[in-house]
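This report concerns only the one structure given below.
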Amino acid sequence: MAIDMKLVHDPIHGGIELDEFAVKLVDTPEFQKLRRITQLGLAFLVYPSARHTRFEHSLGTYHLARLVSTRNPEIEEGVVYAALLHDLGHYPFSHTLEALYPKHEENTRWLIKHGGIGDILEENFSLREFEGLLKNPLVSGDIDADRMDYLVRDAYYTGVAYGIVDLERLVRNLCWDGKRLILLEKGIMAGQNLLLARSMMYPTVYQHHTARIAGTMLVKAVELEGIPLEEIRFMDEVDLVAGLRMSEKPEVRELIKAIDERKLYKHVFLSGEDPGEEAIEELRLELEAEFGHLVLVDYPPKPKFEERNAFVLVEGEVKRLSDVSPLVRALANVGESYWRWGVYAREDVKEEVQDALEKLL
Amino acid sequence: MAIDMKLVHDPIHGGIELDEFAVKLVDTPEFQKLRRITQLGLAFLVYPSARHTRFEHSLGTYHLARLVSTRNPEIEEGVVYAALLHDLGHYPFSHTLEALYPKHEENTRWLIKHGGIGDILEENFSLREFEGLLKNPLVSGDIDADRMDYLVRDAYYTGVAYGIVDLERLVRNLCWDGKRLILLEKGIMAGQNLLLARSMMYPTVYQHHTARIAGTMLVKAVELEGIPLEEIRFMDEVDLVAGLRMSEKPEVRELIKAIDERKLYKHVFLSGEDPGEEAIEELRLELEAEFGHLVLVDYPPKPKFEERNAFVLVEGEVKRLSDVSPLVRALANVGESYWRWGVYAREDVKEEVQDALEKLL
Amino acid sequence: MAIDMKLVHDPIHGGIELDEFAVKLVDTPEFQKLRRITQLGLAFLVYPSARHTRFEHSLGTYHLARLVSTRNPEIEEGVVYAALLHDLGHYPFSHTLEALYPKHEENTRWLIKHGGIGDILEENFSLREFEGLLKNPLVSGDIDADRMDYLVRDAYYTGVAYGIVDLERLVRNLCWDGKRLILLEKGIMAGQNLLLARSMMYPTVYQHHTARIAGTMLVKAVELEGIPLEEIRFMDEVDLVAGLRMSEKPEVRELIKAIDERKLYKHVFLSGEDPGEEAIEELRLELEAEFGHLVLVDYPPKPKFEERNAFVLVEGEVKRLSDVSPLVRALANVGESYWRWGVYAREDVKEEVQDALEKLL
Amino acid sequence: MAIDMKLVHDPIHGGIELDEFAVKLVDTPEFQKLRRITQLGLAFLVYPSARHTRFEHSLGTYHLARLVSTRNPEIEEGVVYAALLHDLGHYPFSHTLEALYPKHEENTRWLIKHGGIGDILEENFSLREFEGLLKNPLVSGDIDADRMDYLVRDAYYTGVAYGIVDLERLVRNLCWDGKRLILLEKGIMAGQNLLLARSMMYPTVYQHHTARIAGTMLVKAVELEGIPLEEIRFMDEVDLVAGLRMSEKPEVRELIKAIDERKLYKHVFLSGEDPGEEAIEELRLELEAEFGHLVLVDYPPKPKFEERNAFVLVEGEVKRLSDVSPLVRALANVGESYWRWGVYAREDVKEEVQDALEKLL
């Protein structure tokens, strides 16, 4: 990599300048692996152009964190490297497999402690210290470098306009008060826009119902294959897909082939009313007893859009963004309205599943 | 796929509408495989965001061909499906492996004749007829739907501005005269711009020297592995990369690992002067005898930018674009000036190779 | 104009195609005058690049109306011409002077009845009929061609991202049911986004506090000059500005010079609490008695963002958008929160005005 | 203006930061007048959206000059203010009236010497010194901040793609060697692209044949009106248009009315062959003797696109861009090929003029 990678070209931010230590981190196998972890998982089955990866997103997050840090020199220097590495622990197809394994944030911390990248970090930080940096509001807050990058990037690659956010106004107006990022008055609208954008990208892209079907199929394949955490945490998408294609279990091979060829299961049922986890588990058991892997019950966690810690400065006073914006306040009611659970089935058994389901519900 | 895929969202063209027959073709394993063939091969090692695939490009080419066809109803109807399938034969990492196998156009024709997609085509065309459609100027001419899509798309995904082309003016001014596409006067500048854009994207993106190193490494790995044509023509990038990672030959495993981790070979020598193929072959043999796979000689074909069949209508007369545009004429001299051959070596033997090379040259 | 204007180039929509009758309407002095009516009034004093005019916006509105109409052939044919002419009655600097004269919609109707453009319209419509077309939901509804064009256009020219709206999804999903435009399910998010965008553009651009000062200064100048309605309705910005510069009243000349040179009055007071119209009028009289034209009281109407007639189709049922979207519902509370009234004064008397105001409030 | 104008929003560059001295210069009547000088003259009659002004362009040029200067601290500090003021001397409708008056560069120098803005400049510079800064290659060279801004800006406002230029690569690779700006190797393609872009914008936008007709009409109106240089140099477009509308000469009023209402003269003759200035003058006299202001002969100066002083660094050696780029070399032959002279006439006498012309030629 060396010299010529110090400036990385990116269609979102133009030139991203990496300092020497960032180059060292980027030059590790762990970080290069992110090139083979799709940013939006299986969303490319709906938005074919959404092929960007955690690699670019991580560089972009670093870039934005650096811009904010440069304007706020009191922010701890290491935060930009935390921004760079915040997604290191993503599994193949990003959030998809978090249904089976610990959240990627936990895996990020594990990889930092156990991988070669930790040795590099220890040249400048204690690992305990670095773990703290990962929680800095600039890396994981309501209005942070992570969200700023992914909303704009995901909008760019999907062509869905809702994610467009005024990065420059945010960067210019984010102010560090020693423990919090505070948005100055001229940036409030841009901050509100970011939270609204996120809520609109959710049903349109992040939880698009077709991508959810494909994701649920993949989860089932991985579950059937029984890949242990110690393996999946080192895998990229080549490892995973090739492994599933060569599985000894015909169901697993069938599922990955169906994803590869976009022969997706069909909706049998979709509902915004939550019967409770217990009822769902019961249903799942009954359906699987009858149909095996040909039926899938998808019960995703409920999204939360309300802002909890977005601070703004209004007429000299620090307030929560939700206190000054009726629209941000309204986000508290939005999550519920987008949530759906569903039952999916292979096309040829769709009707039988429908019949069975009607008896069960 | 069915109904919901009839409209595909694309950041370049907005909504791409697929007719029923196009959906049928897209719904084949052969076409879905294109989702796993990167449009720009290993260029993502230089432009990390260049992760788009032949799948989107093929849809975009179909879309543009359809726009031009709709304005020129005398164009044979099947041309849009030829536009859709024109890249079906690309190997993993697109043009990279054409150094070892027949050109992808030949493989496209083979797959159409031997794959399931041919059966679908035969519902409407004889395969011989369809082969002819692939040569239509709207699919493979100097100013065609293929170039129109890829220049704009590659510019969008790399962030390199040079590829931007005025698609609307081209579409509005391309006119079919029964056997040729002719550019009306108001589209001449846009046509010139397309040819210039292509010439500028070549050294900046398509033949970026770093991407060439990675490509040459991949070619060597595949050559050492000895993958027969009958296998590679069905492979996607998952198959190829997983296969190389699991190779029995340590050199192959080493090479793919180096690409995966972006530990690329270094330039030892780079020159625009052509010593001739024979001299190169001799050099390659001598260097390989001493350094094996640790040294690579890269002798790419010379690019051609001159226009051969771009026709324009000027004051009622059909002329060649090169007859009316001094800039297009000048393209004839550009290819040579961008061409380079080179010697690359693994970093640790770079100096030894340099010494050996000095003796040989 | 004739032939070469049938295709108009526009950075927002690409090529705008005008049919023969539209060309006739565009070719009138009344319509050409719109080239000299700035779309955003004096906002260019804050966003210098916001120099676009009602002319382009009118063409864009026609274009979008035509796209929706083509997909919904039952929409009355004349609606596209109503879209073209809907802003014909704007005074110089658009909405600014509506504080002194009838709303521009009324002036549009007057000009159509009394100008030469009416004669052209009568070739195809009765004027009474045409007045009805101006009220069609595609021209003046909650989600109409007018808003679709101006939000995207104003965002483009100011560089403020909030106005970006997914025009294609709206066009594809607007459906005419005989008397209403109804948004299909796949367009609901885009419709919500449009209403949110409008609410965010309001304080950021349309009612930016500095532009309001300039606007209030202009209103005062025109009021002092005493231009009658019969004159202003025919004026473009050249007429108005040149007229004010040559006024016999020194206060008028001073005010227009200050606007020309951007020496704007300063805020003395700004408040979101409404003391009622009567109290404001009293205050205005007292301040003007003491300071004449050196003090200005700005009491704008309160903005309304709630949707009243945006219909959507959800699971086969027509509902109001506000019934399905908590965010759209929340817009009802937003208008109030952005509203401000203010007192402005020439810089050299700012403190005296402040003192006087303190006594009065 | 004061504090809130220190950051100016611009759709091309995002936020433009003005330092205190720049704010002082911008806050003068001379500079504010640029808000009323259209960047592209009468091109808005062809590209209706091209309403941007010399004001935004001047701020953008300042911005780019500052970016390059910051990376090259040895560049004289005052150059950024020369960039800001380089277009101060433009007459109404920019280049159009340079057919009658000294070039705008000369007028810029005159205004600096004789206007209030000179007094401000003298706080920091001698005026002689400042005149020198106006000739700095960063302000008026082959690849300078002026061209960089106007190409991108004009492309943005017209929607014509050809002007798009990679500003970031240029800024990053322009290097000051004490007396010249030199483009580093990684910027050469971007520099070539800028020169090509300029040559393509010329016939498409800057010298569009319809805009030339309107411009020639305006020149004739001003010539007939006989406005002395001492007046025109202080005029903005409001002054000029209002003045012509109120002219005592009916021909002048007729001409400006025709421009206002876009009732443009028609082409009678258009040719790329140059009969020489003398022959043209004779023709003009004969035609004017017969048709007066109803006929116009347009004999524009020939454009020059060849690069004269664009330096690049190739393998450690400074060369001219034309030495390394065949395309830039070809630009020398392009100017001639775009040049046309023409005869235009009011529509009702077009045929008579045609007859007369046939006898004369």
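Going by the order they are written in, the chains are A, B, C and D; count residues from 1 in each one.
One rule holds for everything that comes next: contacts are C-beta pairs under 8 Å (C-beta built on N, C-alpha and C of every residue); 3 or more make two chains touch, one makes a residue touch a chain.
These numbers come from a predicted model, not from an experiment.
Undergrad: What is the chain whose Cα centroid lies farthest from the Cα centroid of chain A?
TA: Relative to chain A, the chain whose C-alpha centre sits farthest away is D.
Undergrad: What rotation angle, rounded to the nearest 5 degrees, superposes the C-alpha atoms of chain A onto those of its identical copy chain D?
TA: So the copies are related by a turn of 180 degrees.
Undergrad: B-C or A-C: which has the larger count of contacting C-beta pairs?
TA: A-C
Undergrad: Provide the C-alpha centroid distance between chain B and chain C, rounded to the nearest whole angstrom.
TA: Each chain reduced to its C-alpha mean, chain B and chain C end up 49 Å apart.
Undergrad: Using Cα averages as centroids, what's the distance between chain A and chain B in whole Å?
TA: 32
Undergrad: State, to the nearest whole Å, the distance from the C-alpha centre of chain A to the C-alpha centre of chain C.
TA: That pair's centroid distance is 40 Å.
Undergrad: I need the residues of chain C touching at least two other chains; which ones are they?
TA: 14, 160
Undergrad: Help me check something: in the complex, which residues belonging to chain B touch chain D?
TA: Checking each residue of chain B against chain D gives 160-162, 164-166, 189-190, 192-193, 196, 199-200, 203-204, 324-327, 329-331, 333-334, 337.
Undergrad: What part of chain B is in contact with chain A in the complex they form?
TA: Residue list for chain B touching chain A: 1, 4, 8-12, 14, 27-29, 32-33, 35-36, 44, 46-49, 51-53, 55-56, 59, 156-160, 210, 237-239, 241-242, 245, 260-262, 264.
Undergrad: Can you name the residues of chain A that touch chain D in the complex?
TA: It is residues 7, 14-15, 168, 172 of chain A that touch chain D.
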